[in-house]
Structure formats: structure tokens, C-alpha cells
Amino acid sequence: MTTTRRNLFQFLGGGAVGALITPAPWRLITDTAIWSENWPGIPKPARGEIRTRFTHCSLCTAGCAMRARCVGQQPVSLAGVKTHPVSRGALCPWGIAAHHLPYHPRRLRQNPWQEAAAAVSAALSGGGRMAVLDLRPGRTASWSYRRALAALPKGVYLAPQQPGFAVDLASARTVLSFGAPLLDRWGTPGNVFAARRNFRLIQAEPVETRTAALADEWLAIRPGSESALAAWLAGELPLLEAAARTGIEEGRIAALGKALSENGPALILDRDLTSSAMALNKRFKGTLVARREAPVPESWKKAAPVSDIAAVPDRSLNVLVIDESVPGEYIPWPAIEPKLAGNAVVVAFAWTREGYGRHARYTLPAALFPEALDDIPGAIDSVAATFRLSTPLVAANGPVADPVAFVTKLAGLDAGNALRERADAIHKAGRGSLITYADSKSTAVKDLKAEDFWKGLNEGGCWMEDAVRTPLPYGRGSDKSSPIAEPDASMPLEIVVAESPVGPLCSPLLSKLYRESNLRQPVSRIVLSPFDAQAAHIKDGGAAVLETGRGRFAVLAAVDPGVPPGVVQVAIPILAGRGKVVAA
Amino acid sequence: MLPWNYGFEWNAAHIIFLGAFYTVLVVVATTVVSALIRARRDLGAKETEAIRWHSDFEELPVSDRVCRHVLTGEFRERTCPNAFDCRHCETHGKWIEHHPMAQHPEFEEDVLGMAFPLDRFYHRGHTWARPEEDGTVTVGIDELGERLLGVPDAVELPAPGARIQTNGTAFRVHKRDADVRILSPVDGEVIETGGPGRGWYLRVKPDATGEPAFRHLLRGAEVKAWLNREMERLQLALVSEGAAPTLADGGVPVDDIAASYPEADWDAVCGEMFLE
Amino acid sequence: MKRYGMSIDLDRCNGCGACMVACAVENNIPATPENSNDRKGITWIRVYKIDNKEQFPDRRSAFVPVLCQQCGHETPCVHVCPQQAVDVDPATGIVGQMPERCLGCRYCMAACPYHARYFNWWDPKWPAGMEKALNPDVAPRMRGVVEKCNFCHGRWHAAKERAAIAGKREIDPADYVPACVEACPTGALRFGDLNDPAVEVARDAKTPESFRLLEKLGTEPKIYYRSEREWVREIANAPRPGKENVRG
Amino acid sequence: MDKQFITRGVQRCSTGKFLSWMLPWAVLLAFGLLSAGLCLIKGLNQTNMDNRFAFGLWIFLDLTVIALGAGAFFTGFLLYILKVKELRAVINSAVVIGLVCYSGAVCVLAVDVGQPLRAWFTFWYPNVHSMLTEVTFCISCYLTVLMIEYLPIVLKNRQLREVPSFLLFEHELHKLVYVLAGVGTFLSFFHQGSLGGLYGVLRGRPFAFREGLAVWPSTFFLFILSAAAVGPSFILLTTWLVEKISRKRLVRPEVFRLLGRISGLLLAVYTLAKSVDTLIWINRTSPESGFAAWQYYSWKPFGTWILFAEIVLFGLLPALILLTPRLRLHTGWLVSAAALACFGVALNRFVMTVQTLALPTLSFDPFLSYFPSWQEVGTFLAVVAYGVLVYSFSFRYFNLFPEERELKLQMAAQEEEAALAGRY
């Protein structure tokens, strides 16, 4: 027979129908689902060999040990290191997302190094005075600044005041905290939470912060009356008056005094660790100890002294270099500005323009965690001296300028090797031991060669002095409590800081804590009691202006009956003080 | 959904649910397909005209579907069950056995001033059929029809040789906005076509001759009764289509009714009168 | 046959949010656009700040992490999903969501009493370069599908593989811990197999202070909360509207 | 101009007038399509729905229009299965309404899901235990049936039936239409029911959760009842509207009354069933899942008034009116009762969808509120406009009311008599 076209069609048709009763075409349909998985614009995570690397977080002075899970060289997640004796495997939300920092959209992209250098040397040519503001003193980099400034004719080294002591939480049994955010990114979180089980926490604070919420006792004291309570504890104020001023029943106050004196060792803390309340530790044998620093090379000792910004004469600075590369205690600009001479050159080293960059003539992009190699000074709660590096996890994403190199270059000093020199000095001193995380071993320094010590530090090791408690010589500072402040009428509200100092918003994912859950109070929001809100004609969620000694801030107001009248709850530490709120 | 798909199990839930689903699909599909097949078959069997007439007949108002014997007053009340095809109507068959319709010459051929000669049979769609000596049948539009259409604007006649069937379309007439399908009074084959001027439209070679072949058509005494009825219907139609009720006085309809009711929806009027 | 569950000590949670961030990092969950609100974000684990509805100075607050409660009986979301995109793994008792099969009808979200399910309202987007830092073990989800906590399925899978490589049949309990539990700095979150009486979680679940959310619904959640505070334990029950939350 | 397409002997307005009526609706439709397009292209972030209010205006719309469209299946059932011949006067109109409602609902559902391209997954991996699967299967099958039922109406168009094959197909299909009516009834029955089940099975939402028979919660049956009850009411309402707008008599008053009576009977049964169900729910179902029923109604604005409105004001009241023969004689009463009934079913669907989601389940939940975005409203309006357009078109060119021509002649006859009476 001859095959006609008709036969062909019949064959094809039959084939098609027959195919329908085999799984093949149906499977095909099923597989098209995969197509709708690969939605356009969905990034594919890079695959590759999984490595583990160790470093220390330098977002704050806690310097928690970190285990980075990397694909090749790229860190994809961070976790704490359980074997670290201080941080004990704990990380805060900022630390957990720190590896996103290099990709932050608001990061600086230009590097006007030449112009800045030229302008600075021009300003110094006439024998001008140069100052460096170091937001995190105590680092090796800080030593390099001080050495450079000592070499310069009129160099001044500025840094926020550091308490001369460390806090030994582990041995405290009763802790009285005047609004110190003890359980919220204070000191080294891991260390605090480990110690928490051993002490009774009494939080004296006008608003219920995270710490107050979990404290064994919350003394909801009247705003601004901390000093009154302190004064009573110092025996300078009768109980009745203390009760009257603080709004706490006499019974509870008395019980507090009893607890501090009988259930020792006691510890008294406040938010910024400077106020006279700290002096109470002398009276109650507070577990404060002398702060200890890791050894430094002898040759470094001729360094510029640490001076307080307040001590600098007004309009005396021709050049101010601000090292903002590591987040630290923020000195408000109004305190700095008067010190600058006319047309002073201000150079800020930062990762974003949103800090001092707003005021500086030049803002240079500094390398930041986890791109920069730096060391981290001991936290307030680390009793023993410690030395650990935050070794870079990723190459810098974009142009970076090294502030230390910038400053030391002016003084013709080479500090490129400072960390190594410091490490050698520590090794020479031969005290303490090196803790390595990969093998979770602790090796005495004297059993190590300098090379291996340095290598160990770079692989995410931590040097710790063997625990020695040097009791604090309570000489400095008066133990007299300061006079109780009288509220002034123009600033009717007490500004109370309810959030721990936020690190840099290092990752877009931190929106989970703010925009996506309202778990934490954003810096742009204040919280008022219904009374004050009503008085100022502010609605919940409405816009408002917060007036403080530090200027006026446009904010969003939230109303919460949990906030006491007379208090405005904010999230920015530097705003603490008195102020008033008006509707925008 | 199919045994080799994710999550399919041979359990009651799946079997009942999917069983019901597939049954529904099958039933619906079968219905549509069988309708298609039957339609195709009808098309082949040249059923179109018959079916059109039947569905038209169903659409007619009950008042228009009355039996011819009601018109004459012989029955009090009866709706035609056979779509005006009395050839298959037992009632009609029995009735005329007992009451044979005599052809009396004394019946006048003039009804309301319209000529309705008795030498022919009338279809209720206003056509007439006249058997000729040579066995053919002449088909034309009756006087009332003529007057309704007046002088047609156009006429579509079937070609000689075409088949026409009772109650099917014989030919079409266009008048003003009216496009009227004129129903055929007989079955047969067209052998010659006339036209408006010539008093007749078709000459047909009928399939059957003799009385039974014309049993479904009106004749003799019925005509007048029927026509009176038709005049009422015409009047209603005219009124409902927006013409002034001037026929009310029983006056004689003018030659060209269409012309005298320019405002009336003539399409509707003709549709009504020609049973479309 | 495992029954993975979690115990959450509300007296330890300080609401720091580490778990939420760790979860987002682990599961490649992007941030929502600036203009979004807390009802369109994706937080597989979400820490709620709750209070005793009193005024100052009687106000007391606590923090409640809420994640998928992994209902073990009549699991609401599993029953309603029209295309089997949700299932319970009999081997682990974990309620799994298959985004690649999800149609985005959101019926499961209406069905979930714990609001633990989240919809991708936007295309997933990360700042330029940040996609390099995504977790290779978890595929990002496309817009228009529902997702939820699956006890870090990626980690479970990895642990399985490691066990297989080591030639063990069971995975080492210490080797499989969800990201939130690992991240919790206060140790408020604990994770483990509720069928294994040796683990802490199983013991926590039996303490008198422990409770489960909306237990009376009969969905047998596998997340156990505990608190010494009477008013905190009240959250286990249905809402009781007070004047402050009855709004027009 | 388009006269030859209009059924012979019925009066329709001029083409110009018709177009000017359609234009605004067409504009509305265009706007709605724009909104829907935005939702499809940019995603559902265009809406104001969120993780907590996962369903919004659209689901409410779907449930409501499908309840109102129930007239199609129920009338078909009465006419072809129970042989209630009078209903032939409205069946075509009912079919068109049903088609409009169902196709509208399906379109909105397609926009409402996050991944419309995966809609077929539901057929491919059906979870036969899910009410939504039942809904999807029924709605798609029944829509097909409705389209087939709509076909004869279209093919009966004056010009189309000139084509022999159309004429014959229409004729043969119409002979088999009772089969379709039967299937349609079956499907629509389960469809209405599963829409009710959709919420009734939500164990996690004690406000909506109900006990029931076998796999079906009581809401399954309540939805069928309420839909069957308001279906005729809605046909009554629309027919009356069309009569008013087109200034014509389309059906005989007896048909109106019949529709009213059917509606009234079923509404009475429904109201009774609903009350019993509510009592069981308040006293047993809800408390057993740990929720005191009173608290649902202490969240403003949803006080007990909503329960009262649902059962008494929009249930019992219209039922009584429709069951009172004396009142049935007045179109005013009939229409307003029908309107009440329709509004009642809408309110019931609103309560089931919106209130269910607004009420908190966890003790630290707030009471939620939600307001649709303009894109949602636009899509909603698109369905309305689409309905009006399709219905108007069908009304003009197809024979939706078979008795229209006859009624017209009757009117003429009456005028005639009046005229004669005037003369002598």
C-alpha cells in the first residue's frame, strides 16, 4: 500500500491521543511549575565550599567572639562562640546581621583623600593646632593617634571620658541600677546574662525598659529623682524626703538599703557610669575593680595625653580629624563646634555621611567591620585585660581611607605595623593565655612563639590575662552626691532613654525589629503618657517636635499609658536631660 | 487528579471527589456533543425549515395558536398541537369525517371588501394555493397579505427546481423595514416563478395531490371567520406598534396599509401577521 | 519518629530581637520597602511586646516570641490548602510549606489562629551586592506565595547530610538547632525532640508553669511557653476585651 | 440601525441612546481593568490586604455575587426539574445573571491569588479535604455549564438563527437543557455549600468555626439555603429594575409573586436554621474552643446589633412580608422585601469574611480594621460594570423575557378596549 498524507495525519493524531494516556505529557505539565519558581529578579544564592572563620565583632566594645559561616570567602551568617569566656556565644541583633554592613545602601562611595590631606597640611602650615577625636579610645589605633599627636607641634587627642574602673558582675549579689540598660546590650551581653542568675537586680528607673521588665524589682521612681534616692543611700537625705521625692514607699526604699548593705557584695550602676551615684559603690563595697589594659610597647609611652573636649579652649582648633570608623560614644556636635577656629578643617572618617559627616568639610569612607583590621579595647564588664582582633571577613566593598594612616602620615610616623608590635609586647610580657576557637583550646602565652601568637590572634583568637581582681582604690571622685536638680519650667518633661544605644543600622534586615514588628523604639519616635500628649494636643502616631538643650527634633509621637506623666521616652542616649514636646 | 500525581491516594475521599468531578465532565461533554451530532443529522435530513417553523410556532402567543375549529366557533377552546399541520391531526380528521366541508358557491368571495376566491386554499400565513388542471399548484399571497405589503420593495423567489415544504419559507418579501418570510402552503418543487405584478408567485409541482394534501389549509366557510380574527390581530398589531386604531370602525382596509401607517413598526406588524 | 518542638521561657526573653534577625538571615528573608507596615512584613518568628493592660506605675510588660506553633492535630493550615502546598512531615512532626507549589490564595493565613504565616507582598529585593551574602541552603521565595517557620528546614537537611556522611542514621541533637534558638543570647529559646524525655524541652513542657497558646482549640501546638508570672500565663487564653482595646 | 439584530416585535431604544447608556459603564470597566492590571503586574502590594487581613473586599464580593447569582441554578432547577412552567418567563434572564456573577467572581479570584499562573495547580494536586478545592472545581465546572446554557440564548438572536446550523444546534441543545440544569443544580449546590464551608471549617477562628454533618460544617447548608432563598429575590429585583429602566412590562405580575413566595418560604426556613445554628454555636461550639461568644460582640463596631440585623431585620422581616399574600400583591412590598433579603445575604457574607478576620484570636492581638485600596475598589467596580454591560447587551439583542411580546400585545388590547369604551 502507499502512504497518503491522510495516513500520516491519522498516524500523528493517533500518536497524540495515545501519548495522553502515558504519564509523559502530564509530567511535562508538572515540571512547568519549576518555571514559575524561577521568578524573574530572584537572586540565586552562591554555592561553594562552606568554611568557618572566627573574628570579633567591633560594632561595640563588647567585642563578642564570632563564628562566621562562609561560602568561599563570603560570610553568609554569623553566630556567637560558646567557648569564649566572656561573650559566651551571645550576639545582639546588630552583631548577627553585621556581615551585611559592607552592602549598606547609605555607604560613602567617594574618597577625597588628596583634597582633605592638602587642606589639612595647608591649615597646619601656619602652626595651627590639630586635634583627633577618637570615638573609641583604648585601641591600638588610639595609641597610634596619641603617638602621632605627641610628635606634632600642637597635637591634641580628644576622646569621650572612660570610666577608670571595670565592673565585676560575676561576684555581685545585689545590683542597684539607676537606669543602666543592664540586660539590653550593656557590657558584654553573654557575660551579663551568665552572671544574671547570681545577682538580684533592682532597677530604679522612671519607665519600664527591657531591663526593668526583667528585673527582680522595678522601682518606678519619679523622673529626675535618682539623685534623691542616691542621696538617701549616701545618708544625706532623710527617708521621708527620699520617699516623697522618688514617689516610692518608704518601706521599699528601706528594704533597698537593707538589701544593698546586707546581701552583698553589692553593685551600684547608672546609665553613663559617671554620675555621683557611682560613688555609692565605695559606701556599699561595690564590686568595681581597676580597669586593666593589655601591655603596650615601652616606645609608645611618650604619647599625647587623653584630653576631654570640655578642657579644650574655645576656637582653638584649626584641624579636627574625627575617627568615626568604629561606633562609639557619640559626642554631640554642639559640644565640639565652639572649639573650632574660624574656617577650621574638619575631616571625618566614617562609613556614612549621617554622623559627623553632616558637619565635616571632608568625609572620607572608612573601612568598617567586617572589612577593617582593628583591635577592641576591653568592655566595661571585662575584669581581666584582654586583647582581640576583629580580623576582616570580606574585602572592602568600595573605596576606603585609613584614618590612622592619614594622621600618622602628617607626623611622619609609620604605624602600619602597630597591631603586630602590640601583640609582640603582650607576648614579651608573657602573662595570660591565648584562647583559640576553632579547637576551643587555651594556651599559655609563654608556651607560644611570637609568630604563632600573632597567627592565633589573626585566626580569631583572644588573649586574656589570667583573672586578677585589683580592687579599685576609691580615691578619685568625691563620694558626695551632687545637689538634687530643680526642674525648670521651660523644659517641663524629663527625657528618659528607653533603648540601649543602637549600633549602626548595619543591615536592612533590622527593619524586622522596627518597621516590621514595632519591637524596638526607632530613634525617630518618642513615647508620651496620655496626659502629656493631651496637654500638647498630640495624637497617637502624630508628628511632634521635641525641644531639648541639644536642639529641636522632628519626631513621631506614640501615646502609651504605661509611660508616667512628665516623661518623654526616647531612643537616642545623647538626648537625656529635660525638654518639651509640641505638636508639629 | 491523576493516579501518578503528587498526593494522589486510592482512598474514599479521592475516589468520591474526583469520581464526581469526572462524571460531571463526561455528562456535560456528552450533552454538548450529542446536541452537535443531532444538529448535524437534522441538517443532513433537510429538517431546517420544519424546525424553524416549529420553534417559531412555539414562540407565537397562545392567542395566535388557536385551532381552526375555534375560529369557526365549532370548538370553544383549543390550541393547535401540530403547528397548523392538520394533515397529521386526528381530531381534525375525525371532525371532518362527520362534518364534511361542502363547497357551497353561495359563499361570497368578498370579505370586508377583500377578494378571497373560493377556488383555492388559504394558509394561515396569508398565502393561498390553487390546484391547476395540469396537476401543478399555484402559490400566491392573499388579498390581506397583498395589502399589508402593498407594492413590495423587493422579492426573493426560489429558483425553479428548488424544493419548498409546508410552513417552510416559500419566498421572502421586503417592504420598508420589514423583511418577511412568506410561508409555503404546500410541499413540492418550484417549476415557475411569478411576482408581485402577476397575481401569483410560484408554480409548484406538489409531492401529493388530492384532498388530503391540502387538508391543512383553510377553505370555504372557514375563511371569513379566520379573516375576522386576522383583522382583530392586525388591529392589535397596529396599535401595539404605535399606529392609531383607525380600523376600529370595522372599515375596509385600504389598498396599501403600510403606506397609511408610516409611523408603525412595519417589520413587527408583518411578523405578527405572517406568523413569523 | 521525632516530634520536634520548642520551649520558650518568657521570664528570660528581653525582647532583644536577635532571634528575628537571625531567622531572616538564615532563611533569606528580605526587608520590606520603606512604606510598608508591621502587617506586611515577613517575620517567621515575631516577638510581641505584651503588657498587663494597667497604667503606670502598675504596668508590667513581657516579650512573647511567636513562631509557627507546629500544630500536631487537625493542623488548620494543612487541611485548608487547596493544592497540598502544606504538609506535616511524619518523621519530624514539622509543618512544612512548599512555596514552589503555593498559589498564594492565603486561605491558610485566614486559618491560622497564631498569625504565624506570612505572604510575599513584594518581589524579594536586597541592596546591590548583598545577595552575595545569602544563605546557600535556602532558596529565596518569589512574590505572591505564603511562607512560614519550618524550624530551619535548611539546617535540618544539612544535619541529615552530615549524619549520612558520618554513617549515622539519626542526626546528633546538638547538630540541628534552628537559627533563632542558636541566636538567643539569654537562652530563653530551647529546641528538641518532645518524644525524647531526656531533652530539656520535653522536661520544660511538663513543668506546671508551662502552657501553650489557645490550647483549647485542640490543635496540639508543639511550642511550649513558660512563665512564673500569673498575668503572663493568661495569654494562653482567648482575648478578653478591656476598655482600652475596644475601639471604634 | 441595528434593528435587524433585535428580536422582532419588541421595542428597544435607539442605538445612540443605547451606546450613551453603555459608555459610562465601559469607562468604569476600563478603570477597573487598570486597577486589576496593576495588581497582576505589580503584585498584591497594591492592595490594603496584609498578613493579618489576608482576605478583603474581593472575597466578600465573590461570596456575595455568587449567592445572588444562585437564582440561575435555582430557577433552572424549579423550571426544568420541578417543572414550574411560569418561571420560563425569567429563566433566560436568570441564566445571564448567573453567568455574569460567576464569571465576575472567577475573574476577581484570578486577581486575588498571588500566583495566578499557578491556578491550575489546584486541579493538578487537589487537596480533596480542602473546601477551597471544592469551590474551585465547582465554580469552574458550573461556569462552563452556564456558558453552555447561555449559548442557546445567543443563538436565538434574530440574525444568528438565520444560519441553519446555529438554528439546529440551538434547537437540539435546548432539548437537552434539563440535563445541564440538573448538573448545574448539583454543582451550584456544592459550590454554594463549600463557600460556606470555607469559613465554617476554620478551627482556628472560633468566630466562624461550626460543627456539622460529616465533612461539612453547618455553614455549608446555611449558605445553600440562603443562596437559594435570595436567588429568586435577586431575579425579582433585577427584573423589576430592568422594567423600570426600560419602561416596559417584561413578566406577568403572577411571576413576580411566585418568585416572592418561593423566596419567602426558603428565607423563613433559612432564618429558622440560622437561629438554631447561632444558639448551638453560642452555647456549645464557641465555648468548647475556649472563646466566650459574648466577647466577639464587645469589639466595636461589631456589636450584637449585627446579629440582630442579620437574623431579624434582613431575615425574618422580609420572609414575613413575602409570605403575606396581601403584601405580595403590591410591587412596592415585594421589591423592598426582596431588596432586604439580598442585603441580608450580603451582610451575612460580610460577617463571615470581614468580621471573622477583624476579631482577635490571640489574647494580645488588637482588633483589626481594614480599608480597601482604590485598586481593590476599582477591581470590584469592574465586576459591576462588566455585569451591567453584559446584561444590557443581552437584553437588547437576545430574548431574555419570552413573554415580552405577548405582554405588549395584551397592553395594546387593553388600550384598544379603553379607546372603544371612550368612543361609545
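As written, the chain order gives the labels A, B, C and D, with residue 1 at the start of each chain.
Everything below uses one rule, namely that contacts are C-beta pairs under 8 Å (C-beta built on N, C-alpha and C of every residue); 3 or more make two chains touch, one makes a residue touch a chain.
Because the structure is predicted, anything quoted here is derived from the model rather than measured.
Trainee: Relative to the centroid of every protein C-alpha atom displayed, which chain's own C-alpha centroid is closest?
Mentor: Chain nearest the overall C-alpha centroid, as shown: C.
Trainee: Pick out whichever of the two, C-D or B-D, is joined by more C-beta pairs in contact.
Mentor: Pair with more contacting C-beta pairs, B-D versus C-D: C-D.
Trainee: Cα centroid separation between subunit C and subunit D, in whole Å?
Mentor: So the centre of subunit C lies 40 Å away from the centre of subunit D.
Trainee: Measuring from the mean C-alpha position of subunit A to the mean C-alpha position of subunit C, what distance in angstrom results?
Mentor: The computed centroid separation for subunit A versus subunit C comes out at 28 Å.
Trainee: Distance from the CA centroid of subunit A to that of subunit D, rounded to the nearest Å?
Mentor: Centres of subunit A and subunit D (C-alpha means) sit 61 Å apart.
Trainee: Could you list the positions in subunit B whose residues touch two or more of the other chains?
Mentor: Answer for subunit B, listing residues that touch two or more other chains: 5-7.
Trainee: For subunit D, jot down the residues that touch at least 2 other chains.
Mentor: Those would be 115, 118, 121, 124-127, 129, 133.
Trainee: What are the residues of subunit A that contact at least two other chains?
Mentor: Where subunit A meets two or more other chains at a single residue, that happens at 30, 33, 36.
Trainee: For the complex, which residues does subunit C have touching subunit A?
Mentor: 11-12, 14-18, 20-22, 24-26, 28-32, 34, 36-38, 41-43, 46-49, 51, 54-57, 59-63, 99-101, 123-143, 179, 182-183, 185-187, 244
Trainee: Name, in rising order, each residue of subunit D that touches subunit C in their complex.
Mentor: 43-45, 49-55, 112-115, 118-119, 121-122, 124-127, 129-133, 136, 198, 201-206, 288-292, 295, 298-301, 356-357, 360-367
Trainee: Where on subunit A is subunit B touching in the complex?
Mentor: 23, 26-27, 30
Trainee: What does subunit A use to touch subunit C in their complex?
Mentor: These residues of subunit A touch subunit C: 33-34, 36-37, 39, 41-43, 45-48, 50, 71, 74-80, 90-93, 96-97, 99-100, 102-105, 183-185, 189-190, 193, 208, 210-211, 213-214, 220, 397, 507-513, 515-520, 529, 561-565.
Trainee: Taking the complex as given, what residues does subunit C use to touch subunit D?
Mentor: Listed in rising order, the residues are 33, 36-37, 39-41, 48, 50, 64, 66, 74, 76, 79-85, 101-107, 109-115, 117-123, 142-146, 213-219, 234-241, 245-248.
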